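Heads up, the next two complexes both have chain A, just with different partners, chain B and then chain C.
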Partner chain A sequence: MNALAEQEAPAAPPAHEFVVNAAARRVPTVVNGEPQVPYAGVGGYLPSGRKHGPPIRSCASYPANGDKRAASLRAALEKCGLRDGMTISTHHHLRDGDVIAVETLRTAAAMGVRGLRWFPSASFPSQREVIGLIEQGVVHHIEGSMNGPLGELTSRGGMRGLGVLRSHGGRWQAVQDGEVHIDIAVIAAPTADPFGTADGSHGPSACGSLGFALADATYADHVIVVTDHLVPFPCIPWQIQGNNVDCVVVVDSIGDPKKIVSGTTEITKSPDRLLISEYIARFVRDAGIMKHGFSFQAGSGGISLAFVQYLKEMMKAAGVKARFVRGGSTKYLVELLEEGLTDYILDGQTFDLAGVASIASNPRHVASSPFTSYNYHGKGNIASLIDVTILGATEVDVNFNGNVVTHSDGLLLHGIGGWQNCLFAGCTVLAVPSFRDRIPVIVDSVTTLCGPGELIDVVVTERGIAINPRRTDLIEATRGSALPIRPIREIQSEVEALIGGKPQQPRLTDTPVAVVKWVDGTLIDTVWQVG
Partner chain B sequence: MQPGTIAPVPEVATAGRRGADVRSDVHVSVEPTSGGQIELGIESKVGSLYGDSIRVDVMELLLTAGVKSARVQLEDQGALPFVIAARVEAALRRAGHATGDLRPARSAPVHAPSPRDRVRRSRLYLPGNEPKFMLNAALHHPDAVILDLEDSVHHDEKDTARLLVRNALRCLDFGAAERMVRINTWPLGQMDLEAVEPEGPAPILIPKVEHERQVVEVARAIRRFMPGRQVHIMPILESALGIENAFAIARADPFVVALTSGLEGSTAALGVSKTAEGAESLYARCRLVNAAKAADLQAIDSVFGDVGDVEGLRSWGERARALGFDGMGCIHPRQIEVIHKAFAPSAAELEKAQRIVAAFEDAQRRGVSVVSLGTRMVDPPVVLRAQRLVAEARRQGLLLEVEK
Partner chain C sequence: MNALAEQEAPAAPPAHEFVVNAAARRVPTVVNGEPQVPYAGVGGYLPSGRKHGPPIRSCASYPANGDKRAASLRAALEKCGLRDGMTISTHHHLRDGDVIAVETLRTAAAMGVRGLRWFPSASFPSQREVIGLIEQGVVHHIEGSMNGPLGELTSRGGMRGLGVLRSHGGRWQAVQDGEVHIDIAVIAAPTADPFGTADGSHGPSACGSLGFALADATYADHVIVVTDHLVPFPCIPWQIQGNNVDCVVVVDSIGDPKKIVSGTTEITKSPDRLLISEYIARFVRDAGIMKHGFSFQAGSGGISLAFVQYLKEMMKAAGVKARFVRGGSTKYLVELLEEGLTDYILDGQTFDLAGVASIASNPRHVASSPFTSYNYHGKGNIASLIDVTILGATEVDVNFNGNVVTHSDGLLLHGIGGWQNCLFAGCTVLAVPSFRDRIPVIVDSVTTLCGPGELIDVVVTERGIAINPRRTDLIEATRGSALPIRPIREIQSEVEALIGGKPQQPRLTDTPVAVVKWVDGTLIDTVWQVG
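The block that comes next holds the complex of A and B.
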């Protein structure tokens, strides 16, 4: 077989061996050539050994005047020794407005490089061009998140390797533990200096925090900072330290500011979602969680934003102040801070212009990172210090297990985000409609297990609130509340009667297309190819 | 096909909506064929989870309707079974099939007729041809839902909406909400009535009433159609003439339980526009309240159109209550709670009323005809008002809280 034929012949899919993990899910023993540890239960797997580290470098190899500018992204990639089979990482703080991640992979393609592992902290619909690069063999597989079109491609078996889904904390853990060795990190930075010091809260493409890029900057062999706003040294504040950076590339634009921050983050107008938000706020109050010095986390979804507004009124009425809140920050959290209803915002990512302005100017609005917030292989993390966290889900089952990556038809469409990490809060609330279109959200068994039921405390739907029977304390605390607190199976039956019964089994094959990592790097479940 | 014969032009009949913004609905097309078989094509957003059950349900409908040869195509955006049934039936009827009885099995609870004077603070309008708003309406706890066949339904869709509303009444549980239907004006309204009345909604709302005969013809049709059935009727007065005839309309038939104001119409008739304060309609609304009360009926105010303006709604509701209205319409579920609060007696009001009622009962026990509270004598009309307020508060479920 000649070289050309070898390249063009589709590689035979590797035969997988499976084991059944502690959650009774079948997971492969080897993923993309790496042996895996099956999920062993919450806290069931204890790591050993020492953290991974990048190679030791010397100042002698870098310009003494600190000017690390490279002529272009290609020149920087060449300088960092990009070649076949490497791992390239990018971050998603520019969200759907980012142009640098795709430009990096496109440049790699132009250089003739193949078989890359792309390791983004999240992917977005605007990055659908990567589908072509996967088909050409430039990208072998994605580890991080496969959202929207990339998820669908993965589900249909379009990726050469297995996708690996990790939480934000799991991504840090994987890098720190050496599960994923990053060869080249490309960090799009809204402001940077020629030394590589970089910040996200200033510049025409400001996005707020750059926390997701910190693991990459710390652990990658090579680090390239790409900016459209170069300032003379020092770039203050310095979220990324230039001491970790190999090259700085200046481009016209790192992204579309309109898509980086929406400018307006809208509260839902859906009456059912507003009802869910109101139920959650009343639950937090009635369960006694809303007390002086408490903390909560709520993201940027419509339900979360409305929840913050309802809770705010209740906090004012009760004269209660929070010690800290965690975002994704939005103007609604910023208002809480400015009105003195919380001492601090600890911000993982910044969702709107009000959030960006606040993090740039208010010392009580502090950027956090996946290390401080979420990393399970650390000496604790912020997520478990939080009193109550509001999360979404695609499915939850009658044993409170949650799914956040696939839909009931088996299609992979979402990343995990910080979802798994947040389950360790004092009270974890899943805010979900009881059905979407005709599809029930409360199911007998989740299509893909992402979070074990023992960590999910409350499911709030528009038809009522189900408290996990393990949480007798919450059941006791809300006894006598006017809230519609009901057994989860009762809500499930009511929905099934409305929608015409349980759904049929979707057609899934026995071919794995991706795996879901638990926060400790073990395999909690497998995503199967859709038939 | 024989040479020289002309093939019949297949007529395609459709019902339901399609498109990216459509949810919980299904578009059905029916094309007669000559092949002697049913070709059923289903394209569904939920196909991998409900495709089999949709196929079974639709085939059963087609067989029941006696369809032998047709090409039937569904484009489904997650419609529930009662919606699919309504759309298939509508398309078949439009295609000229005599469908027979295609009503889905009743799964909604059967309601006892509601008392004439039940609490009617909030009545949530649900457009009769829009399934998605109907599904969860009850969860927002309106006192009533109005399944609307009139203004919110396009003229070309009256037939499809009628079947959808009929099926909704059979299959959806509206909880404690009173289930009302706003029919069209006669003669269209008669077809509405015949479709929905057997499902037992109460009351029937008659739009654009100007003369008592409009009420009489509806009441007669109901008696003819459903002899012995006790049905509530609520005429909506939407014009200057309707307002002038309010008292006659109120007394047109014993089925009438309330007069309702439809201000968009009456302001148009006056040639003025509707404002948040409502000064332009004050006379009409007062006249309506007076006519309703003179006939011992409830008076129900119009809707407040700006969903975003919670303060405006609250203040409108409070003023409406002060004028003597018993409730008002709503166009969004988030208005319900605001309206309930606006129409609730205040704690002080209620407390005073309870003291008056207690003083009256005390006087009755002692055989004294004069009721006094402290040093003040209380007139009989004041006692009556206090009794009504306490009874109303009890119905609204407010009294237990206050007594605590």
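The block that comes next holds the complex of A and C.
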């Protein structure tokens, strides 16, 4: 249970004390009753202690025939001992189509439970019903990406506790390190067997990899698998092991298949954004990164997808093959694999039906988890082995610091995803339009610091490419190229001149509503209530 | 480090105190300095506490490019801080062909290290060089299967500490529960990449699944991967995750491929043993176990292999298909899969080249680990989901208790393997000749108790089939069959009459040389020094 388990949710938010961290940001010393460590710079905080050990169970306490089916989600939650103040985790593999996370919280409400910490791997606009559950006191606060309405609610001070924003890798780190103790994990699984073995690549609600649920299955006290496609043991492939599962619940549907696949998997049609994509591909080629056996990561989103298409043509022209590419997988990555332009796809999440079909059938399309990909508290991770990673941002400042969670008006509208984790690639490229809705993207100082500038190597806009001065190697490698490489302040000035000056500063209060964790669990910044 | 880390190995073995456990066997209260829990009956001991948490590491301490290669095994052991009294684990995937386990201990000796606990998943006759290392004090004692010469050494009192015998599942349980803290795991891997990601299904020393090393990779303080087949990241499939690995050592050869594949994968030619195999297959059919969607486990060994062939013909004749079969996989199980007589092979270890080729290429041939298959301290395991499992034994007594580690002369010559874990199947069949070398196999009381009679359902000999009186369902199901079903004492008497009386009792001292753990970590029996 979290630190607030024993008490009623307070009527007024607690007063916070603050410290200034190594990034010169003011962060609270205590969050939801738990003492915090301020950000100490990249690699500046070295953890001690041991990983979290979940309770030791015995086969003697589980049915010998392996049939762990419970009659309903409520019956399963009762069996797992749900009570006030507990932490419940859910996952976003089904994205905006998921119905199980809200159903879980709704069931908890019907059981009369209050003060829960909801720990989703991400929340989505379709889950706005949770706003009512927060108002009723069923949910005390959310730790996890708060996209859209739940983020806005948080920004306006509508949550009883502080939101805690973590990257996908930071979520694994927090669970593994015992920072977040999950009482009950509820895993929506497109296929499962009565023993609880589960997978996401088959079934009517197939969504691809279930990697985000792996930490929860491994470390939670209790694990409930909810499926709409029950098969006899064994469910193969078996990404979630039944040996970690307490109960299996069979329902008619775990989600809306139309919304399970992300809506952001179409190539951009904007000429400006296509130009950005082309610049990135040319940069990757001209800087010498695109060479035999190289690797890249590009997720969903129009610019990334267009980049993949540009790079693909350049790879073909140069006769270059990648060793591996990382998604979120889409049909564009699948084409690379099928056309022999990469040996492997290492897939963190699966964004479209082509990706789902590929991961279900192609042994070279391999599911990864936040442990393998992103966990900073392991003996290395995949993110730092990638030669070049393409990312977005809501803001980037003249010192290359990046923001992905708030807009320039201060509203919290996005989660971190794998963004922070990906900054450790050999070359990190932020692909951003120079302005959005007449608001410049390059600013003097980011509203919320999510990633330190020392890890952001290149900012690519439609007005030119800015290379971080620290990366003298990249500056040198592209010196003779035809690319429009310019100082970041020059691009900023050009945009400000067009728009008519610096953007307005957001109207923020001195009341914290959420904190942003760095990949090592330290606090890198605070999200402030909007005025 | 184990409990003896801080002190010199004692000159004389410590005096032991004993208690009588729930199986009426005398077991020591303390083993190698660690207090023990006596066996409390099947399901009688419920664990408490939390699983072992290995140290939290940070990516900041590992190379960002993922290259963890060390110049030599010695350099890797030094980097991992090898010192006196530590616990070193190795694995037996390469069976009698492995050269890395002994090389590791030899290297430790050259480094001047003493008092090690060697924690192999099994030891083999080719590792007899360890006898000298025990005599020199480099190895204090062995915890793990002691097959052949190392077992005999133990029986004769040649080891400084007590041997500890665990099943494959018990080994996982002990590591997971923190009973055995592994300081350094050394994993011989047929394929690996510089990050430490590793697999067993490809490469010149391919051996199939590396499941036995998974507990060690997960829970050890330090992990060294040794390979003779380095590939660029990522090594796919990736059974061992590089995120758990500290160092990678590349050597010319990790083993002798001729001996990697087990020698016990030929069907028996003995008419008596063929008769046993046929009886078992008929029993499985006539008892109604062989029905659509059923499952069975049969390992290597001549009787098991012949059983598979008999059953296969019966399945074809009856038009019955299995849902899954479990090995040790061999060409006979692979044939079942390829001929569509089973949906899946769940493979604990891979015993012949056909098995290796199949697991490397057929997605329905799936590697399992001792966690999924056998760990008793999980939320169930696969072993209890299997309809019928065929096992061997060195002795079985008239109360159906089984022994697999000692012979009737008291000599410790075998490990437990997965035997104890498999006893939880729906129907457990012991396949034994009624005598070996003129020594009866059915005895009044087993020399060493490895498995309680309440879990052993059927004993099949060439002289008839004995069903455990507890299994009235099986007795009822086979009442009208033509099978030679007889009381166990009747078979025993017949053999004793042939041989000329009861077998001689072994000459044993009152000095313990090893203990046998039950699947839950309690002590089920003691192995006594031979007189």
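Operating definition for what follows: the second predicted complex is superposed on the first by the 518 of 531 C-alpha atoms of A that agree within 3 Å, B and C clash if a C-alpha of one lies under 4 Å from a C-alpha of the other, contacts with A are read in each partner's own complex, and residues count from 1 in each chain.
What we mean here is this: a residue touches a chain if its C-beta (ideal position, glycine included) is under 8 Å from a C-beta of that chain, and two chains touch if they have at least 3 such contacts.
As the structure is a computational prediction, the values presented were derived from the model and not from experiment.
Touching more residues of chain A than its counterpart among chain B and chain C is C.
Of the two partner chains, chain B is the only one touched by A:R507; chain C is not.
In the superposition on chain A, contact is made by A:G43 with chain C only, not with chain B.
Touch criterion met: A:L275 reaches chain B, while chain C stays clear of it. By the touch criterion given at the top, residues 42-43, 45-66, 68, 176-178, 195-196, 223, 232-234, 236-238, 241-246, 293, 323-324, 344, 346, 363-364, 366, 371-372, 375-382, 384-385, 424, 426, 520 of chain C touch chain A in their complex.
By the touch rule above, chain B contacts chain A in their complex via residues 23-24, 45-46, 48-53, 57, 77-81, 107, 135-136, 139-140, 172-173, 332-334. Residue ranges on chain A touching chain B, taken from their complex, read 271-272, 274-275, 408-410, 436-439, 462-463, 497-501, 503-504, 506-507.
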